[in-house]
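In what follows, structures are represented as structure tokens.
Heads up, the next two complexes both have subunit A, just with different partners, subunit B and then subunit C.
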Partner chain A sequence: MADAPKEISLTVDGKKVTSPPGTLLIEACKTVGIEVPSFCYYPNFSLQGACRMCLVKIEKMPKLQTACTTVISEAMTVTTNNEEVRQARKAMLEMLLGNHPLDCPVCDAGGECELQDMTFSYGAAESKFMEAKNHKDEQQWSPVVYFDRPRCILCYRCVRVCGEGMDVWALGVQNRGVVSVIAPNKEDHLECEECGMCIDICPVGALTSGAYRYKTRPWEMKHVGTICTHCGDGCKTTLGVRRAESGLQIVRGDNRDKSGINGDFLCIKGRYAFDFADNPERLKQPLVRKDGRLLPATWEEAFELIGKRFSEIRDKDGQSIGVVGSTRTTNEENYLLSKFARLVLKTNNIDHHRTADFPAFAAALAGKTDRTASMRDVFNAPAILLIGNNPTDQHPLLAWQIRNNVRLHRARLYAINCQPIKLRRQATNFMEIPSGAEGKVAAFLAGDDTAADALTSATASRDGWRQLREKLRTEQNLVIIFGSEIRGNDLPTLVKFGLAIPGAKFVCLGDYANSRGAADMGLYPDLLPGYHRVADAGKFHEEWGKIPSAPGIALPAMADAAKTGKLKGLYVVGANPVARLGFDPFAFSKSFVVVQDMFLTETASIADVVLPVANAYEKSGTFTNTCGDLQLLKKAGEVSDTKPDFEIIVRIADAMGFDVRKLVPFGTGTRADMGQSRGAQSGEADRHAVWLEAHGLEPKMSPFDPMAILDEIQRLVPGYDVSQINLLSGNDQHTNLMSQSAGSAAHDGSLIAPANDDLFTSGTLGRYSRALNSVIENRHLQPAETEVAAD
Partner chain B sequence: MRFSDQFEQRFSEMLTHYPTKRSVLVPTLLYAQDEIGYLTGEAITEFARRLDLTELEVRNVISYYSMLTTKSRGKYNVQICTNISCMLRGGEDIFQHCKKKLGIGHKGTTADGLFSLEEVECIGACSWAPAAQVNYDFHENLTPEKIDKTLDEYKKKGTQ
Partner chain C sequence: MAVLKNIAAIAKGMSITFKEMFQPTIVENYPDGPGPLRGAKFQERYRGAHVLQRDENGLEKCVACFLCAAACPSNCIYIEAAENTAEHRVSAAERYAKVYNIDYNRCIFCGYCVEACPTDAITHGHGFEIASFNASNLIYRKEQLLSAAPAHLGANEVFNSADVAGGAPALPVPGS
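Moving on, here comes the complex of A and B:
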């Protein structure tokens, strides 16, 4: 930048530091690797100056100064580590420990406690305080938040993250001086979004998690940074894993690994709702229907039966099988399923639970590049237009990004919604519209003045709408975010409006963890991976072989076909159309139904064969979030006797007599040679495999290796040709949504069924999470509970 | 919740004094307390609504200031200063004397609801130490005899 302000130079401990004007001294010190200890200071939140740990000596200033509130100035000379400073830190710690219970041996934070670390680094072993410690019993503030008052050092981080970060303001400080205490908003309990950010940010063990407390120690767990399996935002969650009877148990979720697109953020689902994995109802054995009842069977029995029946049905009429894919399985699995349906089952009858009109989005952006915004863009954009959806409930990370972009960068938020959504509090302009009028908004923005008739209300006049449109037109690098309300023909209209704004980018909101991936990987009856129309499969013919060219049937048509007896087989991979899409369970009574799921869901219970699967936390692969950010899943938990969907699909193909090498290109290309052919290094592959096993990874040399198919995805799906090395290192890689066929057939908008999940529900999966259910139950109990005096 | 016309008049006038609405909170709470005795849950809800604050924020402010209370107090709130100047001139004895006489401790209220007792920090009457404040009235250069007389007068006034 030409007009970049001049850098400021100062000296810290004899080192020369240059930073932009306005930088805090504590941050400037960080840039040259000098750590100034602090508790209350936390980047991106308001300054507190409460803990006095960051005191440093600044030349020409009479007393020690707090580095966290001092803004650097030219030629400042700072000493962060002389006797005076060390003495001050020691004294501060002595004060903080004055009433601290020192119960580290039982405290959850032990081993990862900032107070513990600081005491080791700067503190003293003895204390001058003789006073008795003031004990207060721990309090449960909500099903997931516990408060241990004596451990609290009053840094106010929790208060700020809850208020400034989350805009919930559920925590406050009561009293003053030595009797100050952190207080919840409902006197003795919390009523909040239960995100648990206060627990993560607490430097000590004052706020602890109901899900994790007293269970284990941080050094006894393995910490795996993987992607959350709930909503479509793709937060990185760090799962703490421990050996257990059934394999590897996930005991904690947090964001210890802050490298994800979510930075400090996680919501209740990413933090606590991993517990569906060890729900007692979890299926751990294949079930096969015999004499009308689902009975336990071996995997071999199940595969043999499926192979036989699917082959029979296919050989009679390839169009009599339907496949339902999942929005929570990996890209590799979705791609494989798409390929399996077309190549092995020889049908295009494949679909999934659609929650957004991604095909229309891809078609509208045909020929354009760099027009989709990443989750990171949402935090940095100068202006955001949000139409429909309620991100606070349905896309908590997106809401966090928007909120904090407004707070920290003063971004302008234009929100248009039929509900008074919470994000209106951040909005520069909030327009409330009648329910279902989102399409009219698109039309109006694109220039159709008559559409304004349907939009005007007491708060939004015709002039107001015109002014808004003018303002939007003058924006640059606007990020346009829209919910599933914008679909079908309204979508290209909105995109057309946006494309006229220089640098504008879009986000199309889909609901589940890999809804976008399911769409990108072609779980559609008329579209192949990358939104290629089945009619002109082109390179897919070359790569895959011969596939049917007529579009298949969509989900509702499958149910109809089953009723009339035309659909003889149904293969459901991780979906619950009976409960989620209102499928008639009796429609399939004459069809051979195979369901892969973790639980005996409404759909699984009508199946002829049920196969127990590993969930997204128990396998590796990739997810694409709703913005199109591609991220790596790492295997964390493990439940023996379940299998990843990937392996199951390959095994079914094998059982049908298909050459699996044509399905999964394993053992070829760059991955095949791990050095085993090179003389002295022979045996390297084995050693590599042992290492991989030991680290809970899967060997990359088998047909069950999802990474083997990633190469093919990157080659065949436009926009997925991102840096694999970055991806595998755990970084998010933004894919470029590209459609080869601009005029792809308009999809029937009625096939889109938004999940409408709130903060505490997560489709079928959410029903199996104790943490989510306990919060929901607690909410219902609340009115009665307030009458009972809490101690 | 309804307050006197005088209160409402004051409240709406105060709103114009500050650049932000929330700044009105402290004087509002004090005036409301004078009118209704102590700050009830209902009052907290009311002011949170009026000033676009959360109830928690209102409670935080109340708990910060010792002059604001959410518990009912006696008709006469006897505040004995024991801060340095008063302490040096016998404030502590005055406080102990009052405790004995009224039969209540710090922040206690007599059974008849007439008196509350409080040990407070400096009330700015150092020149006439030891000093006490009963509601808004000051009583200075105290001795046990003098405070006895004062309390008796209040008792008489309160039971009339």
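Moving on, here comes the complex of A and C:
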């Protein structure tokens, strides 16, 4: 690498500032704590110079200069706060307010409006304008985007975030000069990805959100930073919560503080699709089947029945209960479920909806460290190879990272897909292949030249493929991202190719919020947490107790076993295999079926007992995103009379007469010993408990506290031994996938069923979101969308 | 000498006492006085129980901006906002207060809410007979705080009980 370029020094308000060449003056000022007010400037987007709020005095320049477009130069002397500058700011604000309505009391931005703040700090107390204001009615551009034209200050941030950031280009400017207006792409409405980034970035209340508008005010809400429960990317979302009749209601999602791996990015699902929580169909009472009908019952009744029936089946028929785990429950819950199945139900018949071949991935990377890329790496890598998947639809954050890496860092993107995916617009090389030929790509890259026969097409010649392979081989620190199309034996082939590239890292794309966590926590009939084989469970025998050593049966086989009467019980935790995996609902008519879910789904409606659960926004725990970044969930919403899956599993174990201390090691470990064990000084313990509560953590004194099992996970699951203090304070921690046992590449690939969600769907959960449904319905009313070219 | 001085001082003091003894009393005869206020008299600026005002069309002035709640030092104002629609218009602006409660267990009658209100919706009235045997009665809901609606809108059961008894159409009090 070349020597780092020489730093440039300048003076701002008498302070000495040194910054790398090319830094904008406004950014250089920030480094020494000098704020230059700005509206149109937004880091990482093209410069606009539209608002002239950032005017500063630079010596030897005749007029005031805009700090947001001026690049620093040696020995510059800048004044940001003299009378001339102050007058200029005042004038700019007066101009902006010239036709600005006095809407603050009803405006959604009130209290967090940049124009309010600026007027407060820099504005004049009164206006010289006497003219009547020019009013325009508010417009609804889409189910979630509203535009109030008089409030717009024409900073063009929305236009840039939609075009440059999202690559959608749905917003534009109409007319010129004082009559400019922001306009949507379809005359009076928007056809776009509905991400809401424009609403979020708008400094004022001109763009407002259909989900949040007029509901409350920013200071009235509690703001809880947690993790999105939809796709596998793990965006941090800050949920605004207010009191409601049935508990705590979530009214807003955004990430304005830019904490987390996603900065301020959220897609439509993270931003609006929290409303399933108050869907009227939400179950709020356990249901028990009596005389063929599901009737409301008490929790005690339900637990007693489950405990009795599960114990009977286990004791009489041995391995005849099947367990289906979830891809949206926390790592702690998945781990507990894995442990519960093996210790309490004494069976290995446990599985989940697999959306990627993580076991094969673990096996292929066995013994290697630092070979998995984090979500942050995707934004910083010099080159990316993307095989299969359509991240724009299925992994919106990943697509954002790739897009902006290409735009800001000039990363090279090599995309290989059987569809002309939207990310091809960012690609240095895009190769379209016949559908289903992804495995051949892996073979070809790994050196099998004959595989190229199946790959050539009009756009991708044999030579083209060879050149691509050569180019990839010369890359360094390449990030290789592949979808579920690469599975089974193709996966180690691709990994072998990648391992030969210095510093190359991998991302294996799984679809749901905690798909990766479900796999890592061993929701497999043949694998324990950390991809340890059940056959050689080693330390799990010591830590857990006796585990059955024969692998159990996988999901599809459970339905068959139920039909032949071999499977007598089924325990489904937050999954919908009937609808999503084509389970035959009648197969289980003779079995005892227990389902934990928020709604009466297709699977829940065949159950004998249905237990209403809290969703991921209503509990604490951790999620692992598809890259392997471990992040903390914090409880935001609350719906009374539901319970987290964690508590339910523990209670069922208790109802079956199992010693719950053997399941959840509560009251021990580092976090528990914050005074509690020092009996006499119990005041100390109380203070810690108060502190922990205040930080959204619960003191580890209850078997229902998911954090009680975190120590055990960190000890037993390879790669999860990340810094706990960092994790608990809300930072993402990359887990290093290093399989200590060999994992298992021999899984039947047909067990993997990709979710195939698009931007507006999210498995079974998405069906219960009003916001997503309204957007989908609205699309059906509109003619089909055509892709807009980037200008 | 000292004795004389003390006697003079006492005589001076008692002279005021005796003079006042024969003046007419100025204590108010509440609650046995005449009129609807039963003898109570107020300064105009007296800060009593709040009244939520209406505009000239009878619409509620409150736009649920939450500024009063934010200004309240004892945190006793609870609001839930909702959006006005063409079919259901409650205030003149985009939003209105679906729920507006003041907890008189906590209110200290400081008047900060009145000061904060951008639409002059919340004001202090002269109501002072708030005492109750039951603390939960002290949480006043919007329906109790709202000023009387103009006749064409119907009467408010809480405030216009006489009108309602006299046959005026009663405005229902939601949730009561």
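To be clear about the criterion, the second predicted complex is superposed on the first by the 754 of 791 C-alpha atoms of A that agree within 3 Å, B and C clash if a C-alpha of one lies under 4 Å from a C-alpha of the other, contacts with A are read in each partner's own complex, and residues count from 1 in each chain.
In this text, a contact is a pair of C-beta atoms (placed from the backbone, for glycine too) under 8 Å apart; a residue touches a chain by one contact, two chains touch by 3 or more.
Remember, predicted model here, so these are calculated numbers, not experimental data.
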Partner chain(s) touched by A:G110 [first = subunit B, second = subunit C, both, neither]: second
If you stack the two complexes on chain A, which partner ends up touching A:A183: first (subunit B), second (subunit C), both, or neither? first
So, does A:R213 touch the first partner subunit B, the second partner subunit C, both, or neither? second
Check whether A:D584 is in contact with subunit B, with subunit C, with both or with neither, and answer first, second, both or neither. neither
Looking at A:E59 after the superposition, I want to know if it touches subunit B, subunit C, both of them or none. Which is it: first, second, both, neither? neither
Answer with first, second, both or neither: which of subunit B and subunit C does A:G172 touch in the superposed model? first
Please report the subunit A residues shared by its interface with subunit B and its interface with subunit C. none
State the interface residues of subunit A toward subunit C in the complex, per the touch definition above. 104-106, 110, 138, 213-217, 219-220
If we count contacts the way the header does, which residues on subunit A are in touch with subunit B in the complex? 169-176, 183-185, 187
Seen from subunit B, its contact residues with subunit A in the complex are 54-57, 59-60, 63-64
Which residues of subunit C touch subunit A in the complex? 63-67, 69-70, 79-83, 93-95, 118-119
